[in-house]
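Take a look at the structures below.
Next, two complexes with chain A in common: one pairs it with chain B, the other with chain C.
Showing the complex of A and B:
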């Protein structure tokens, strides 16, 4: 029996695996083994030296999946370099001596017809309209997940019972695995909205609010950012993040030109992949009075490097500190934690200063 | 009216078009001086650390034009059509310069074929911005295009002649024109190849249409136009070259993947990969090129 596998992207392996099981009931669908240091080491060893880190993570996932017996590997593509990952990864894996089938879904070339054709070639029993139905259900599931996760993200820093949010969210993801219809999905959503919404939260009205922007993999795959959102939560910070799969696959397409306008005078043109979003959302959060913004990217990520001069100006103009991180295979976790601590301390100090002398406008917006 | 043109990045592709266009409109053209170490130092000061070296050079060139011209030309390029994109650095260059040097008057055109922003429309828009009529703009644009076409054709003929020359050591230099033709980045490489008895052949100067045809054979999903031109050039004359030098400027996004593919796919011809970074001295470069050419000469002697 064919074993089909795909790379990790945070909690999204749940809807992805579920979708693949529905499309390919005659195959075994296995998410790649969980990401560990070994995954990154393996991936880095066989990747071009300064390719962006998500490539290395993906490659590590693929190698570990192949070691576990996968026979079909799935990859997607779009945005910046991501659209070109698959071809090189396939070449590297073949050169390493693995034999497998490599299936790519490239955002730029995908139509429902081409998707269905590719699935039929792999033996799916689904018709075009059934496939469309499954895709629609998956998009709805992503929306449910992302909505729930946003609530968790903004409140987990203030839970009255330690680990209650994490446990409940984990149970929610498990429940999603067995969903096979829109009504089942609605039922799971209702149940967990009540459960998670009912968890004890002690959140002060004037809690610290931090926004997270940047490159999609660094944002959505917690391992790649050393679980930065978890650290922020432990420090009782409300975290807001706009980028998730629902945003990238649906909302961003609907927003169109409005996104560029949101960036105001900082951008006259889009600057590639999600760089435009980093600028637009940072400006939005500055206007909403957020205490600070954290910018995440893999080392060398050009769209996000493009965004940085604009972000520096936003930080200066709105006197809102922005902390910049670059991740690659050699990033030190201690370094990240130290900088986060310092950032947190600074945000608290600025609050104090503003409380003592409102309007003093202590300008501490310059950060490394 | 003096238009300042930074001698970096797309200057090496469209410089003739630009100069001819602006002169035909009655403007003066001021160029930044050719790249030196100082240009890189200045540019690095105004760039994000992780930005690629060619873009840092570009910022250095823009910096040197401050105050010496009325407007600085900074085009914005995104795509030439479906699956014909360019590195996102070109998408952002105009906004980066604007945010880094606020209050500096710039002149820009947007090239995004898929959104109806074609080249001709962009140039007419620039002319209107300078107070010139569309008719004059179109004439100037056509003159510029023809001049660029002729300059490119002459360069292509020269490379083709070099490839046909018997009894020479033809080394195909595969890298973007703003690397190899830049005196700081590419100058030492070209000199080292010649000093070791090699004849440099520039992949970026070969016929673009012929290259575009050959590219899919080597890489099926490649969508960066400038990289396709280089990959196609390799496909076109790998057989005639005695050696291939892949040159990457750190940390070029497209090259990090494209050159990896070429390294893995090119068999039967000696290939070396050179990585240019800010800190590398010329000595290491020269040594590597010398030994590369020595190996090729040995190989040729044996097979003769």
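Showing the complex of A and C:
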């Protein structure tokens, strides 16, 4: 029997594996082992040195999946040079001596018809309309997950019982694994909205608020950013982030040209991939009076490097500090911790002086 | 009895210790090389400080540590405050230069830029991924030229026509330096070029997009190099303040933070005589293979770190 696998991206292995199980009931869907240092080491060893970190993580996932018996590998995505990664990864893995089938779905080229054709070639029994139904259910599931996760992200730092959010969110993900219909999804959502929404939270009205912007993989795969959101939450900071799969697949497409307008005077042209989003959303968070923004990118990420001069101007104009991180295959956490701690101290000190001298510092005059 | 506060800054290259009184004045200070052994360096610093305080040492009512070995030494000294270098340097510098707007800091392995407004840190930057333009770069180039690193600054000041040395990257700078030497540039011109390259590297990398406003304070080991100071003055067009105790600012900041924390916990100098040991091992519970460090005092486990999950911590 064919065994199908795919690279990791945060918690999204749940809806992806579920979808693949529905489309290919005659195959086994085997998730790649969770990302560890070994994944990154394997990926880095066989990657071109100057390629970005997501390439290395993906390749590591593929190798570990192949070691676990996978015979079909899936790759998807696009937007930046990521769109060309599949071919290179396939070649590298073949050169390593693995035999497997490699299937790619690229953002711009993937139409429903081409998707259905590709799935049929792999032997799906689903008709076009059934496939459409499964995709619609998956999108809905992504929305449910992202909505729940946004709530968790903004509140986990203030939970009254340690680990209560993490445990409940884990159970929620487990429950999603078995969902096979819109009604089942609705009932899981209802149950866990109540459960997670009912967890004890002690959140001061004036807690520190930090936004996270940047490149999508660094944002959505916590391992690649040293679990930065978790670290911030532990320091009682509310964390917001706009990028998730719902945003990328649906909302961003709906926003279209409005996105550039949201970036205001800072951008006249789109700057590639999600760079425009980083500028537009940072500006929005500055206007909302956020205490700071953290910008994450893999080392050498061109669209996000493009965004940085505008982010520096936003930081200057709104007097809102922005901290920049570039991630590669280094595994020492100390440097990251030092910078985050200093950022936290700085935000606290700024708050204190603002409290002593009301009206000074970053005021709300820019509020839209 | 007088009260005092201990601050220790354990950097990659040097270890600094101070004892300050309740007013922030320095009662004792100590500065020596870390030599890759932070525990031994701190032991020597503690003994040295005790010696300097003489027969009637103040009661130490608070301990703060900073620097890259802060976690280890924080556990060793049972510190009240374990702070990152950026905050500690800002607090320390402000206690000496309350009006400072910009702090330039270049140490052995890292460099920092801290921007202040009304005595509050409003922005900072720290070098990432690369140690080009730091103290260890200057040391290795000094060695190549057959000079002591301490002598570079004075020599640079003698130069009338500094050679142009690429600032972008240590490797490029080094090949530039060799080339300039071989085609006959004078040694002082090369050294002056090197100092300019350090300043240019710092301003191009760390200070990119950030406004450097006077008063500017320059500290860290490299601030002892008069050639780099002059290069910064030329590049910024402002006076650069270098405090004779500039290398102690992190330690002073850590002590000041311990004083503010006000735990009142007494510090005992006899800690320098205790036996400390670290044992490292690789956790085998999952493929992540966390490198866990266990820290023992007199054979008793006092702390462990490096694990990513409960498993690793439990194993200790």
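Note that the second predicted complex is superposed on the first by the 358 of 368 C-alpha atoms of A that agree within 3 Å, B and C clash if a C-alpha of one lies under 4 Å from a C-alpha of the other, contacts with A are read in each partner's own complex, and residues count from 1 in each chain.
The criterion applied here is as follows: contacts are C-beta pairs under 8 Å (C-beta built on N, C-alpha and C of every residue); 3 or more make two chains touch, one makes a residue touch a chain.
Predicted model, so just to flag it, every value in this text is computed and none were measured.
Chain A is touched at more residues by one of its partners, and among chain B and chain C that partner is B. When both complexes are overlaid on chain A, the residue A:326 reaches chain B and chain C alike. In the superposed model, A:270 lies in contact with chain B only, and not with chain C.
When the two structures are aligned on the shared chain, A:309 is found in touch with chain B and with chain C. When both complexes are overlaid on chain A, the residue A:112 reaches neither chain B nor chain C. By the touch criterion defined above, A:299 lies against chain B and chain C together after alignment on the C-alpha atoms of chain A.
Once chain A of one complex is fitted onto chain A of the other, the partner contacts of A:186 are absent, as it touches neither chain B nor chain C. Legend: residue contacts after superposition of the two complexes on their common chain; A:88 is shown touching chain B, with no touch to chain C.
Of the two partner chains, neither chain B nor chain C is touched by A:288. By the touch criterion defined above, A:334 reaches chain C but does not reach chain B. The intersection of chain A residues touching chain B with those touching chain C, taken from the two complexes, comprises 299, 308-309, 312, 326.
Within the complex formed with chain B, the chain A residues making contact are 48-52, 55, 77, 80-81, 83-88, 91-92, 95, 104, 106, 108-109, 266-273, 275, 299-300, 302-303, 305-310, 312-313, 326. By the touch rule above, chain B contacts chain A in their complex via residues 48, 50-52, 76, 78, 82-83, 87-89, 91-92, 94-96, 98-100, 102, 110, 219-224, 250-251, 253-254, 256-261, 264-265. The touching residues of chain A, when paired with chain C in their complex, are 33, 36-39, 299, 308-309, 312, 315-316, 319, 321, 325-326, 328, 330, 334-335, 337-339, 341-342, 345-346, 349-350, 352-353.
Of all residues in chain C, only 68, 83-87, 118-124, 126, 128-129, 208-211, 286-290 touch chain A in the complex they form.
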